[in-house]
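Order of writing sets the chain letters: A, B, C and D. Residues in each chain are counted from 1.
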């Protein structure tokens, strides 16, 4: 095992996969010589050269669709979108082309492509640099949507995403980039579509992902002192998500909280909640409470009040404990 | 580049006839209600696909548009399975999921028609990127209309290809119309080739003449294959019919339509071949009959194919 | 009262608002001389001229942001996106610019803009021309999202949307364009944010919008014969949606079905369901059942099996009646 | 157009000094941690905003970029409230919601910096559309870097403006860098003005000299005001510092940085003014002191302003 930062774990995943498979390449703005805006590809240009670590003009639509074309001709691109907010510039590429190419061409083509993007607050970068939009992609058939919360997870999940033959939207969280964690020296992967129980508990299930996993764990620590035992499920894959793990947990706790950094309304918590309200309503001993950002754009100087945190999770959990049926 | 010999000329004529007659047949079956959705035919624009695809092998790539039947045919698509797709049948290239607007045939490098104007331009550019990456001598072609050059996708793709000197030819079939709007409404320039300056890209304009197109495309494709980078090729042509089948073209004067139809790339080529004694009237008739019977067979095949079963709709979303 | 088609009601709304307020103008592809791809602006070019009925190059991003700039300088644009699928080309305009301009500039600017777009199936136009993406916009703070199901509603809601000082995503459904209905001769509007009870009932509440309102009404007719009394709520505004009307209805029926044409997963039904599961769980006598399209792209030749219809709604309602707590 | 007289020249110098010293101050307070988020300064590029905004009234519009302080200042923004915004304070123009990257001032026609590269270009185009619609003689200016010309937004906006002959000037400050990438990596052309051909739009290139810019901008703005349509104006300049404050520019050689700094538009202008006896050393000092005290006051004001209350975050999402 070794200690490594999240951003470096991303680099390792890309590096190892590029070594393993010569069809894997990285494309995006400043990913090459500069090593990426957040440093995710530092060193890769020197190692693999400009043909495999491809700097692009500022043109998200262009290079994402170019990657799609390359993917359908046998390559396995990793596309870096510098901030998730900029994915708005290439929704056509992702939604009309990448997500549908395989299905609409009658399975003739496969489009093994990973589109990486960091989301969320943490940099006080304001309304156009802090959005969390994973729910959009989860609503689009044909895409997988992955969110990793630790260095270990990000490496294992990114490697699986690169090896996956389907398009994957791979979402990082900026505040996690500097996080340190322990990972094995040897090659490992984490399967897509499987959730990870980050903490076991018996009273309430929290279904969460990415940065909010850590806020949930913090909340769980405090709540434990209050005698509330919280199970924290890190979904890891938002689409398709692991119903079995979630259902089993709720079968045990009978209480559900969902937590994400995206605005609460119409976020992925809504889908989890709705599925549970459809398929296991009678298992519930309390209302399902969702945690998410308030329904306004992210704010520059009020960011710390804007992004949800452990306190919000605590309050949500307490709310589910208030009363039972 | 060598001038095309007799055999090639006859081939060109045959392909053009095949496209024309296929489109005519499609208009007919569409009007019968046998084909659903949107159908955009390329009648009057048969020279471009033939002149271009004559230089391409199955390994080369082409990404086309909503008006893409001609390119798929010239690239060698099997008409039976293409027709099955247009009829929405299970045996179609896309399992009946796509119809005309997304017709694709991987085996022949047809990367798909595209329902998004401009959508195919960066995709073809990606194919060219792959060819270079894989160190093959494959070439990619993106075809599109002049309307598509208004989209950012056009701009971003050409910019990238020029920087990376990718093996691609951008073929703009400028038929003067984008849906119901003439070029004057949506472009501040007369010639699409003016756009190449922005990318320091060579650009060539030709008329709707298959031999002219063949020659210009040949040079551009050769240049791309040899590592010389992309070219923008503009073909000035005319759209005979409405934007889609069923469009009565109320916005377009009868005279303009007649004028467009007067400039028939197929008939003109036929006249040249007759004058040059490459073909005789009876050869032409023979070709027509033979092509027509191939098309009719394809239609019969498509008609008889079953529709996909509703349950198949859920298959293959993920691998 | 007069009988009128839905598409013509759209035209009347635009025409009357353009007459009323000289700052209102229409912009989009083929909206001018051609009168719109679906005929929504037929005649307006002749009446108002090219300055107010503006044909554009094929450039959704460009003209939507141009409209945004014009809106912040005092005009009131109506933008037509020919098919909702093409809105993927201008998500930056809508999400990063239009939705945020007012808030992020500290309320200095207002951006009174209506972005109209038809969604859904009905034309067998396949995967890139049939999508329903309203849930995306409902997830973006700053936008209102409106869906109209009848000629009367579309006229009244569109007029309100044009008069509203906030950006409105105004979603039509292609299959409704030809629908006939009766509307008053005189000027009328329908307030945004208010739902409409299209049919009263006492056993099950269906929360729906747009085309699925009619499918729900059809289902309700059949179910009435089976002795099930269904209340059909047409949300009309998806964001912000009318909690009061929905809550009151559920307080009466204690059963909820949601129905939309968009794919079921992560659709707007999820949000309705999640809010109910959070705020009035103990009122529920049965699981919440959602109706939506299956999780694949729309299909060319299988469209009629793809888009949800009255049968799906019927089955959903029956499911909620199967058992109670 | 008349050559600028002495008074104007001194004004230009004062504005440029104000921009320079504001940016320097901002670097300082950013390093203190008093300003959060991203801060992109325009040191070395002061000539463009001053030369351009000299022709604009409060009624004219400007939409800028992440590197937009200079334009806002030259357009007349009140430094106190601008500073308050950069400090994230309640009194800031945007109520502390935006910081540097979205600084806007409606009263002075500052339509906002933009966090999306290219995002402001069509927005300014919309302002020009509004001016024409309302039959005013207002002009809009879009400023952006050469990197932004890679985005589809640039292409789509210029195409539209050219078709409609809108009253707008597109000002590209080509500083040779887009973030950490030199122009050679992301552009296949040397000169941004080559892109104007695509829109049949006049284009002018000038050096980083305030008088040259003033003259060229004057003509372009006049042309726009008179109904002559849009112009693309390229200013060749240099970025002295990193992309944002805190960027150590490891990707850029020391010599290149020194060379860039050697070409100082402010110092060069100062030298001219001294040589032409428009100003004397002591005037220059006086201007420096006066400008500095204005800036310091603004910073003091900003420091003392309260942050918005968290509860205010929910205000005004809808009207």
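Definition applied: contacts are C-beta pairs under 8 Å (C-beta built on N, C-alpha and C of every residue); 3 or more make two chains touch, one makes a residue touch a chain.
Predicted model, so just to flag it, every value in this text is computed and none were measured.
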Lowest number of touching-chain links that must be crossed from subunit B to subunit C: 1
Graph separation of subunit B and subunit D (steps between touching chains): 1
Separation of mean Cα positions, subunit D and subunit A [Å, integer]: 37
Rounded Å distance between subunit A and subunit C, as computed from the means of their C-alpha atoms: 30
Centroid spacing, where centroids are CA-atom means, of subunit A and subunit B in whole angstrom: 40
Per-residue overlap in subunit B, given as positions that touch at least 2 other chains: 94, 96-98, 102, 114-116, 119, 150-153, 155-156, 159, 163, 185-187, 317
Subunit C residues counted as touching two or more neighbouring chains: 56-57, 59, 61-62, 85-86, 89, 92, 96, 103-104, 126-128, 141-142, 295-297
Arrangement of touching chains [line / ring / star / complete / other]: complete
Subunit C to subunit A touching residues, read off their complex: 61, 85-86, 88-89, 91-92, 94-96, 99-100, 103-104, 126-128, 131, 133, 135-136, 138-139, 141-142, 239, 262-263, 265-271, 273-274, 276-279, 281-282, 284, 286-290, 295-297, 325
Residues of subunit D defined as touching subunit A within the complex: 36-38, 87-89, 94, 96-99, 101-102, 114-119, 147-148, 150-152, 178-181, 185-187, 251, 307-308, 310, 312-314, 317
In the complex, subunit D residues that touch subunit C: 61, 63, 85, 92-98, 102, 104-106, 111-112, 114-116, 119, 121-134, 140, 152-153, 155-157, 159-160, 163, 315-319
Of all residues in subunit B, those that touch subunit D in their complex: 150-156, 159, 162-163, 185-189, 194-195, 197-201
Touching residues (chain side subunit C, partner subunit B) in the complex: 29-30, 32-34, 37, 55-59, 61-62, 85-86, 89, 123-129, 294-297, 299-302, 305-306
